[in-house]
Amino acid sequence: MNVTDVLDLLGIFVFAVSGCVVAVKHRFDMVGLVALGTVTGLAGGITRDVLIGEIPPVALREWEWLVVPIVAAVVVAVLPGWVERLSQPVLVFDAAGLGLFAAVGASRAVDAPVSIPAAVLVGAISAIGGGLLRDVLAGEVPQIFSADSKLYAIPATVGALVVVIGDELALPDTPVQIGAAVIAFGLRMGALHFGWHAPIPRRAIEVDDLRSRP
Amino acid sequence: MNVTDVLDLLGIFVFAVSGCVVAVKHRFDMVGLVALGTVTGLAGGITRDVLIGEIPPVALREWEWLVVPIVAAVVVAVLPGWVERLSQPVLVFDAAGLGLFAAVGASRAVDAPVSIPAAVLVGAISAIGGGLLRDVLAGEVPQIFSADSKLYAIPATVGALVVVIGDELALPDTPVQIGAAVIAFGLRMGALHFGWHAPIPRRAIEVDDLRSRP
Amino acid sequence: MNVTDVLDLLGIFVFAVSGCVVAVKHRFDMVGLVALGTVTGLAGGITRDVLIGEIPPVALREWEWLVVPIVAAVVVAVLPGWVERLSQPVLVFDAAGLGLFAAVGASRAVDAPVSIPAAVLVGAISAIGGGLLRDVLAGEVPQIFSADSKLYAIPATVGALVVVIGDELALPDTPVQIGAAVIAFGLRMGALHFGWHAPIPRRAIEVDDLRSRP
């Protein structure tokens, strides 16, 4: 297990905590807590691996990847007060996880036989996929789509883009990955601090729903 | 890039536009617009490729497949008036995309080691998968399930079935695919024009929800 | 086709019936009925096969796997009275399907290059994945997460765990699988009869939603 793996597992832990907190918010039972934490922590990376053909996904090959979300669920269930006190740090960790996942995801993708924009997409999916599925399973519209959300997908995409560009320029891997993670982390923290939003289309489109047209 | 690929990309463009329009309807920001357009345009084909073992999916191997939904998102965001004027044509294009995806999807599936009914299913999934995921991510019950929807899955299934039967009879590929796409297109347009519905089960089943039984 | 396959198909039939009943409850049309039945019956096994690298999934390689959900949809649509009279048996069959899927899923997973906890997870996913997707597509929060649901994921997990432990101890396959299915079935029936619940985290966490933090 190398440094990247440790950082990956740290990111999974933080994402899993966010899933467990959503589960508690919805008053799910312990099964829902463990399930939503696991999904949030692992779904992004599993989707990434299936898409690039690394099957079985690393999360199923290495047992540590599955133990981490269970630990997160136990922590949230047993120490809710600790999670409350850590909520601000958790947000920082979440941003760090976002950056790490985007960088790790994109660097795995550039080694796979996918196109250059696909490597960026796969990196971004690694970072945002778990949270997306968390929201769908909890019955919410994914927060990253919402007009009042702070930047989330954009930092992930930028981080993945940096890795892919660095790979094209044959720059050394590790500094590029660290730089990409730091940039994505910084963009996300800046968005949280300064309230940066993605632009919203300037006006509604006045068409009937395409699907219910007579 | 052959004719099939061009038609595939045209179908992706039209489906992506439909996803972007739904995103605008829900007041998603630009990230949501791009994400929902990409999902709607590509999810059906990506699911198809994963199921038949063509991994990485073509949408990740060839960069054009990823650029098309982004172009669609920019068009919808920048030229909403153009989309409004084109809404009737878009509905026609959507029906054309449905036919093309069903035909292309089924012909890819018959070359894979799947059963005959599975090739039909995979063709239909190619055609309807993107729209299904679009609705789930937008927090709506998938329109194709709804009792007041016009025929959508049935034209896709019939189109895929034509390709599979043609393959079994060893008919020449290209005319069969074109014929299948035209038939699916015609069924969908007929359903829109004449209001054809799928039958609805004649009465509700008077059982408690199976899952909440004491 | 061996005994396991027959039991697998029986489980698919019962799960498909549960999906069709939910479709009728929501007044979906026949397309929705067939689609939701197929998803409920097959999605767990397809997800399992994709995750462990058995692609195309068995449900797409063997035509019987696709015919069974269609038969289930026809039965529910044509014979709703029969389904009503069978609702109590269906609940029993559903518990049997849960046990069978967990045991079959876990035994397929232990033959794949996945970690030991991953084999348990994959077995549980086999058993609960279809119902989970059924609920999401029907626009409901998955019932297995709910605080008032009876044990469902836990019997599946225990059944899968028994298979994995038996495999580690090199016990003979068939008796272990049957025992695992019986144990999972018994736990589920006990939960239904005695109202066993999973524990609920003792109190809500007083943090703002992590995702909407300023």
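Order of writing sets the chain letters: A, B and C. Residues in each chain are counted from 1.
Following the convention adopted for this analysis, a contact is a pair of C-beta atoms (placed from the backbone, for glycine too) under 8 Å apart; a residue touches a chain by one contact, two chains touch by 3 or more.
Chain by chain, the UniProt names read as follows: A, B, C = Putative membrane protein YeiH.
These numbers were taken from a predicted model, which means no experiment stands behind them.
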Copy pair chain A, chain B: interface residue numbering same or different (half cut): different
Rotation, 0 to 180 degrees and nearest 5, that superposes chain B on copy chain C via CA atoms: 120
Whole-Å gap between the CA centroids of chain A and chain B: 27
Two or more partner chains touched - positions in chain C: 50, 55, 136, 149, 152
Parts of chain A lying in touch with chain B, wherever the complex brings them together: 50-53, 55, 112-118, 121-122, 132, 136, 140-142, 144-147, 149, 151-154, 197-214
Touching residues on chain A, where the partner in the complex is chain C: 18, 21-33, 35-36, 38, 46, 50, 55-57, 59-63, 65-67, 76-77, 80, 83-84, 87, 90-91, 94, 131, 136-139, 143, 148-149, 152, 192, 195
